[in-house]
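Listed next: structures, encoded as structure tokens.
Each of the next two complexes has subunit A plus one other chain: subunit B in the first, subunit C in the second.
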Partner chain A sequence: MQKSVFRKTIEIIIFTVFIFFLFAPLLSLGIWSVALRWYWPHTLPQEIGFDYWLQALGITKSLTLGAVNVIPAFLLSLGIAIIVVIITMAIAIPAGYSLAKLKIPALLKGIILILFLLPRAFPQQPVFLNLMLMFNKIGLTGTVLGVIFVHIVVGLVFAVWITASTFSSIPPEFEEAARSVGATRLKAFFKVTLPISTPGLIASAVFVFLTSMDEFTGTFFVGLPFVTTLPMTLYSASGSNIQFASVIAILLLIPSILFMILIQKFLKAEHLGGMGG
Partner chain B sequence: MGNNLKNELDVEKSEIGVGVERPRSYTNILPYMLVFPAVMVILLLYLYPFLASFWKSFISKEGALSVANYEKTLRLYRYDILFTLGVTALSTFIATVLSIIVAVYLRLSKGWLSNSIGILYRLPIFLPFVVIAQMMRSFLAPHGTMNLFLAKFNLVNIENPLQLFNWAGLTFGFVWKQAPFMILIILGGFQMIDNSYIEAARSVGAKLPQIITKILIPMNKPTILIAVTLVFCSLVGCFSFPYMLIGGKSPVTITVDIAHRVNYFGDYGVANALGVFSYIMVSLLALYYVRSMMKKGLYD
Partner chain C sequence: MAILKVKNLSKNFGKVKAVQEVNFEATEGKVLSLLGPSGCGKTTTLRCIAGFENPDQGEIYLDNRNITPFPPEKRGIGMVFQNYALWPHMTVYGNLAFGLQIRKVPKSEIDKRIKKVLSMVQLEGYENRYPRQMSGGQQQRIAMARALVFEPEIMLLDEPLSNLDAQLREEMRFEFTELQRKLGITAIYVTHDQAEALVISDKIVILNQGKIVQSGSPKEIYSNPKNKFVAGFIAVTSFINGRIDSFTEEKKKVVVKTDDGLVIHGFDNSFNIGQKVSVAMRMNVIKFIQDENKSDKNRVNIFKGKIIQSSYLGNIIDYKIKVGSWEIRTNSDAKYNFKIGEEVTFYLSPEDIIVTREE
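So, the complex of A and B:
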């Protein structure tokens, strides 16, 4: 009895510490985004309000140093992300299907798999740097198109992984059954395989969407100073105005949290193993 | 009548061609056609620039083949190279220990406390580093939330707050982001271990530390190694967080040095040499990762 009370106490202490370290940084972001006046060394701000939110969202005009209207940046990021998702999935779904379901000689398949593992294993920053030099020559540096290319590279590796693993989890008997009653390979794919794999493919698309929304390093080299996506705006606000930076950080955080709730429903832990870098 | 229909169906079936192959050429090239665009994108936009960083690191500013970039890199940045290695190793180590402890707790405990931890801990996995950078800037600053909080409990003198925009803050942020990811992978491995092993060990008198070191960790070694590898490799290449937390101060990670080399000096040779150093840092673990993923099949 005494032992179990002791155990419970320890558990609650650990739980409190855990909750503090998990949520305090997030809370700090939230407090800063509504802090109008915060004189050091007070523990909490003297005056709070949503002025910075309204200014950042372009609802009220602002003359504050480092003020930014984040709406254009948000729309730019959103537009880029949508285009990136469409192109990436159009490339990744056939590739994932081919790797998971069709016959490719072992050696070639091995080389392709290594190709898709390298970006996860090695730092990507030097790659972006040389991509920038490549893009300099063909005039893609500082353009939205260049940034879209970079985001496709970042998302594609994960998209191929997730789609391949989705397709390979479908027993081959399903498609064989469809083909045995006369469906062509194409028809079997669209009528059987695709509907079953929809959750996995959506998860993959959502993941590509988030990598594009959050992408920093590649956009930093290829996009700046002309293509200011949301993360780039956050970076430039970060040095000058902590309230604006906090507002933008929260705006970037919302899709991630939504994704987490979404992903609980239809993505298995094994898929998640490929995420989070 | 019934027979007739059956015959008709049979005829139709063979016309559509069950088991009848399409023209060979089409079936043969289909797998390659489907995978071709993805492979081309990776070859052109990943592998080519990846390999370019090796040979560009041997091209001096005058365009000649030399090791001048490496001499300069070692002269200017050897301390930063060690700093990167040190902070990454420390963060990975702390995250590993922490995540094994939490994963063991989540594996063996039941109740609302462990259930709620089991859901909440995932939060940081989905946050991008750029958000974490801003978060840690406001949390760890000398006038930040953590120092104010610690001062409230008299753990810190507010006139002399903790300075955390350095290796310590970097480690804190890295662990905050990556330990949950490691918990996820390691816990997945722990859950594959059947309860009967743990019960058998308990019945012969094994205590918790023995269950951890004799059963859970050894049986889960490959998963733990993969988690360590992924975290170490991603931290060596992490740019946004050290750039926003430490920025121009020294010492700083080599990813920040690369950005400075490019932005302020247009010095691609040294930047690429630094890049090659970051490749070398992860090379052993990266090879291990590629090999073990190939062995177990990329998506099985």
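So, the complex of A and C:
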């Protein structure tokens, strides 16, 4: 009994600290996004209102410095992220499966994995600077296509690693059992391996999606000034108008939080189901 | 139902020779067991038959049709896996229907066959359960049902009972035998459990280090193990090494002499004088003699030894007895209650002693 009280206390302390670290920055962002007038030494804004939200969401127009309509940027980011997820997963699923299940010599496997890792093994700025110079030659800089390409390069590393480990965690007997009852390799993959690995693949896709939504460095070099994704708008707003920056930052959090809830629901259900992701 | 022939099968994994020139034939409607310790090549042999491994050499024939180049799905062989490998995202119905749907069997026929196979494994009404909602024994039966439902010509089982507890395992042995006899299906059964192999098999093939050591009916293998390895695998617990000294007038009796002077009469005549042999004894071999004077003086195989270990098991006591430089393990009736260090006299009946090759 005493032990459980002690335990409860510890839990409450940890929870409070956790909440503080998680929500204090969010709270600060929230307050900033509604602060119309907030001067030192006041603890809270003197005047609050949703003017910046309305402007940012394009509902009212204003000539305030740094005022932007973030809706097009949000939609652009979302669109890019969705396309990036589709293309990345289309590459990562077969690549991860091959690495996990096919009898590839260890040396070759190592080379393939290093090739996927290589873009992340160096400092990002020089890599993207080089990429920009290359894209300049073929006219991909400043285009959505160029940005999508950069995001795929960034996302693919994680996607291949996560899908490969998902597939290798599935016992080979599931697929062998399917083949023994008459399924071809392809059928066994689509009817057995793929459904069983869904949780891991979803986790991988969500990761790619969030990486694309937040991607900054590559977009900065390859996309600007014509492709302004949400992080780009955040960057330009943060220099001039902290309120707009706060609004954008909160908007950036929304898809992440939604996906976290989704993924948790998915993974939990699967764990209860006793199948490994 | 079908006859399966394995001819000259070899399979290497890198430098490891997993299977070396294995030959055997599974008779129609019978159970053939591949028995051996782990790493003996029994599972690799099974996987070659199923089509999951490509042999480096040799062929596999199903009814005189060479199936070696066929992929697993074209072989029409049912397989039961050690971990059952029931698909966790499908219900029992889904698991059983999968193979039939691939064969484009109409739905009404699928329902009928699933009902039939579930009643065979005594799990009627389990169609909508998921594998995780069933016990190990039930999952095992569904795995068996899945391998049978598409009516394969032959069935492969890879240590199917090894994940069950001892009592259930014994029950399932009988159930498997009954089911197999009823269907008359040819089965290849991989196991490392000699008791299981003896109970369920019509023929046992014993493998060691990728090679066949001995094959024959359970009775042949039990009563006449070819060498020390086979004997040790089939319930022999004590060995005494020596040389063939002479033959007795009686048929099939040999006299073995050890280096430290023990003389043992045993049962076998396929040896030459002077050949190195091993005298193999099971747990039931010893008969204690309490009153020496009563024993017939002409009797052979009477020895004196010292109890060096005893374990009480309720109805029986498990003794270890030191005789010369050798140790013999035996079960005895609990009415003999010897202490550790006590001198005992005992008799070994020559009929119960197997003389086998030492290597």
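Methods note: the second predicted complex is superposed on the first by the 232 of 277 C-alpha atoms of A that agree within 3 Å, B and C clash if a C-alpha of one lies under 4 Å from a C-alpha of the other, contacts with A are read in each partner's own complex, and residues count from 1 in each chain.
Keep in mind that, in the parts below, a contact is a pair of C-beta atoms (placed from the backbone, for glycine too) under 8 Å apart; a residue touches a chain by one contact, two chains touch by 3 or more.
Remember, predicted model here, so these are calculated numbers, not experimental data.
J.: By the touch definition at the top of the document, which applies to A:Gly182: first (subunit B), second (subunit C), both, or neither?
T.: both
J.: Regarding the shared-chain residue A:Glu173, is it in contact with subunit B (first), subunit C (second), both, or neither?
T.: So A:Glu173 only meets subunit C here.
J.: Please tell me which partner, subunit B or subunit C, touches more residues of subunit A.
T.: B
J.: Per the contact definition in the header, classify A:Phe50: touching subunit B only (first), subunit C only (second), both, or neither.
T.: After superposing on A, A:Phe50 lies clear of both subunit B and subunit C.
J.: Could you say whether A:Leu131 touches subunit B, subunit C, both of them, or neither, answering first, second, both or neither?
T.: In the superposed model, A:Leu131 contacts subunit B only, not subunit C.
J.: Same subunit A residues contacting subunit B and subunit C, which ones?
T.: Shared contact residues on subunit A (touching subunit B in one complex, subunit C in the other): 179-180, 182, 184-185, 273, 275.
J.: Going by the contact rule at the top, pick out the subunit A residues touching subunit C in the complex.
T.: Subunit A residues touching subunit C: 171, 173-174, 176-185, 187, 191-192, 195-196, 273-275.
J.: Where on subunit B is subunit A touching in the complex?
T.: Touching subunit A: residues 12-13, 16, 18, 22, 30-35, 37-39, 41-43, 45-50, 52-53, 56, 105, 109, 111, 113-114, 116-117, 120-139, 143-146, 148-149, 151-152, 158, 176, 178, 181, 184-185, 188, 226, 229-230, 233-234, 236-237, 239-240, 243-244, 247, 255, 258-259, 262, 268, 271-272, 274-276, 278-279, 282, 285-287, 289-290, 293-294, 298-300 of subunit B.
J.: Please output the residues of subunit C touching subunit A within their complex, sorted ascending.
T.: The contact residues of subunit C facing subunit A are 50-52, 71-73, 76-79, 81-83, 85-89, 98-99, 102-103, 130, 132, 146-147, 150.
J.: Per the contact definition, I'd like the list of subunit A residues that touch subunit B in the complex.
T.: Touch list, subunit A to subunit B: 11-12, 14-15, 18-19, 21-22, 24-29, 31-32, 40-43, 91-92, 94-95, 97-100, 102-104, 110, 112-134, 149-150, 152-153, 156-157, 160-161, 164-165, 168, 179-180, 182, 184-185, 210, 214, 216-217, 220-221, 231, 234-235, 238-239, 242, 245-246, 248-249, 252-253, 256-257, 259-260, 263, 269-270, 272-273, 275-277.
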